[in-house]
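These are the structures in question, set out in turn.
Common to both upcoming complexes is subunit A, partnered first by subunit B, then by subunit C.
Right after this comes the complex of A and B.
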């Protein structure tokens, strides 16, 4: 009895997890679906094809993808040294550094974006990719640093020292020792940087000033348009990269012992 | 270390500084050159254009955040206890399933609920198919409702997996032995729960709940999609006034955004205190 209810519970849990994709699929590929039909009476892929191939969408996709990739790479490059120091060293002002990285994870993008809006407008960075990338770094960089510093706090630097003593070059040590040891954490950190940037709506809106049109912005305008088919189509386009990336990095997510504290 | 500190502190510091200046009515695009507390006054007194909505928005935000956090915490506790005493293999699958939730950002989860719960949505169609209702209007208003039920459903379903992961991490790292000890000493299943398991996870649960509360109080996307015109949650109100055609309204939007910021920082400090308590 207990076993049966446990299985039922699991089935419900897993059904909820799959449900959004199923729902978006129904709406995105329906042609005729009058109330109260439980399923579409006529199906079509042409609406979805039209939406995904129109120039607004393709421009949005390339803006979103390049933005998220640039932000991820920058977060890793800038975040790596900071995370390493924060994770391995004990120094004066460590808690201050920690605080500086912690506060932006709590303060909402709304407040950050509204504050930076006027500054970037005056500097001429509004509506530029550069400005939006900088703004995205405020939430992504701290998360990257915290994820990586968690890895470095369990990291034994003696492996590197040993290789150094044996005459390895710095580059070789980094590639063959450091990188391998921190790989799971690195994957998780870049995953989060990517996801936070990819799903960012407010910062792009407030800094991009309508000139940088990303997928979340197209999705919002589809929602205010109110047509379920195009809402569902844009939702599918929007969730595709996160779904693929989470599935691909599943191995690392379960390995990575730290609890995930990210919300986006 | 220096570049990261520099980027974050300059960008963050500047955003706070320029935000404060705007809340005092400077640099909002109007010609005002002096510091003025007019925006604060009009918001808090409930008299200005933004002020008339401020207090109802504030209480609405508080209601939504409290209710969502409460039900998420209860739900997560139940799920975590349910999933805790399982074999290694299924542990990994559960962690994976709970992590899978992250593939759906809040924005898209809200849209999924909209398509599912709206009056002509999937659930309404199923109810009609089984003869419970005849027309869409008979289906109860679950999203886009004035009590924030849709928003609460969204956050609860999204935060239960989030909190469950936190609780499972605690339970899996230590609970096993104490559970067995309690059982050997003759504790009933209920006594084990009441005196062993729940006290163990309580610090982590309250720290996690505070994170959830702060997030819900300050998040924009979900109430923007699942909320109604009145009452609106504070972030929606703040952005609306900030982007208002009338530049005099910007300062009021900024004031509301500061109320949100101060509120979530206090909540975050409380959460950190809880967590420190866990480690001792």
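Right after this comes the complex of A and C.
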């Protein structure tokens, strides 16, 4: 009985998560679909292929992907030292440091965006990739820092000291021991950073000033256009990379569950 | 084979008020196993950290074969520290763990594999190459950690209570293994421990650390039987100290006059100590004896411990090996101090 209700619960959960994707799939490939037909009466892939091969879409995809990747790498590089210190050291002003890192998650993004916009206009960074990358770091950093500091709070620095006395240089220790030990945390942190940057609309719009066109912006313009087929097609393009990434890393994370446990 | 000299080391940790090491000097001969014994906070582990270079001393020097190693980077000193936990890298196999240092050094894969196999035979775990650290028991992990250090043929091995987290049986087993391998390879080794028996059983010499200084260094048997001062005596389990005026080979204490063996004829105050197992407990008075009442009589397995109240302030603890009688509380007995076992100690 318990098992049956558990299965039912899972089915409902999956349905809620998958139903919109399923609907998008139907819409994106339907040519004729009128009420009360339960399924489209005529199928076509030509609209979807036309949208995905459209130069606006490919430019948007590459802008979105490169932006998200750059932001991910930068937020890991910037977040690592902060997370390491916050996770392993106790010092005066530690809670203040936490507060500063976390302010972006509670301040409304519009406020941050407007403020940054004024500043970046003066500095000449508005409408540039550089400016948009910096703007994206504001909401991503709290998440990478939080995730990595959790890893570091359970991190035993003696592993590094052991490698040191065995002859490793500091750089080698960092690359072969430290990064390897925190790898599961790094994967989660980069997932967070990628997803937040990938789905960022407001900051890209405000700072990019329409010059940096990412997939979310194309999706918004499709939505205001009102054509269900192109909305569905853009939605599918929008959700594909995150879904693929999560699916791939979920497998990775369960595989490495053992090593996380044996370390700590 | 490396001779290690610690010269006048001083170390105060940031935020700490008293120095952990206070002008400490000690020489460890090449090929020797030296145990550092002391209560927690006596600076034992700090010495190892200074030698490896994880910490740097405020003052003083550390010499390997007469040359200072302080300017050498920690990863080039050839002083390998083994911690309480094995710290095997969880993502590497046993083989890769043992070969870690050789790979860093740039040895070729074939040499590494051959050396790893030799080490596995030496530590008694042949055929364990492909296992993961998580598949090993605590004792096996420590063995692999030992092999990982020894395979580099280090100038010195520094063991920081490497056995304290293991069960008694495994620990005794590993103590013997470490001792055997250390002798075989002749690596100068420093063992930090708070376990008196471990220090006595494993080391060639034992250094007793108290308050950041070496209070005594000697061979285990000698240190055990004749510790030089009152605090060091306490650390090796001596609880009976007799104080009084020394006159012509007799010690006049408040509880009575005792015959002692000493070169000194005259002294206003002298302190003599005796090991608890050397004190005799008997029904009749005898030479060098004092009357007292049994305050406590505890059966401890291979000996009986008597606590005898000589007067209101003085209670003397004696250990008599089995078989020995259990004596009821309040009974009068005589405790006897054989003069050959009474020895003079410095009061502090």
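Points worth noting:
Note that the second predicted complex is superposed on the first by the 244 of 264 C-alpha atoms of A that agree within 3 Å, B and C clash if a C-alpha of one lies under 4 Å from a C-alpha of the other, contacts with A are read in each partner's own complex, and residues count from 1 in each chain.
Methods note: a contact is a pair of C-beta atoms (placed from the backbone, for glycine too) under 8 Å apart; a residue touches a chain by one contact, two chains touch by 3 or more.
Note that the structure is predicted; figures quoted are calculated from it, not measured.
Applying the stated clash criterion after superposition on subunit A shows that subunit B and subunit C can sit side by side.
When the shared chain is aligned, no partner comes close enough to touch A:225: not subunit B, not subunit C. Comparing subunit B with subunit C, more residues of subunit A are touched by B.
Looking at the shared chain after the overlay, A:124 reaches neither subunit B nor subunit C. Within the superposed three-chain model, A:17 lies in touch with subunit B and out of touch with subunit C [touch as defined at top]. Once the two complexes are laid over each other on the shared chain, residue contacts for A:210 go to neither subunit B nor subunit C. Minimum C-alpha separation, subunit B to subunit C, in the superposed model: 21 Å.
Taken together, the two structures place residues 259, 262-263 of subunit A in contact with subunit B in one case and with subunit C in the other. Of all residues in subunit A, those touching subunit C in their complex are 156, 158-159, 161-169, 172, 177, 180-181, 258-259, 262-263. Within the complex formed with subunit A, the subunit C residues making contact are 52, 54, 74-77, 79-81, 83, 85, 87, 89-91, 100-101, 104-105, 133-134, 148-149, 152.
Looking at the complex, you find that subunit A touches subunit B at residues 6, 9, 13-14, 16-17, 19-20, 23-24, 26-27, 35-38, 78-79, 81-82, 85-86, 97, 100-104, 106-119, 134-135, 137-138, 141-142, 145, 195, 198-199, 201-202, 216, 219-220, 223, 228, 231-232, 235, 238-239, 242-243, 245-247, 250, 253-254, 257, 259-264. Across the complex, subunit B meets subunit A through its residues 1, 3-5, 7-9, 11-12, 14-19, 22, 27-28, 79, 82, 92, 95-97, 99-109, 111-112, 114-116, 120, 122, 124-126, 128-129, 135-136, 157, 162, 165-166, 169, 211, 214-215, 218-221, 224-225, 235, 238-239, 242, 253-254, 257-258, 260-261, 264-265, 268.
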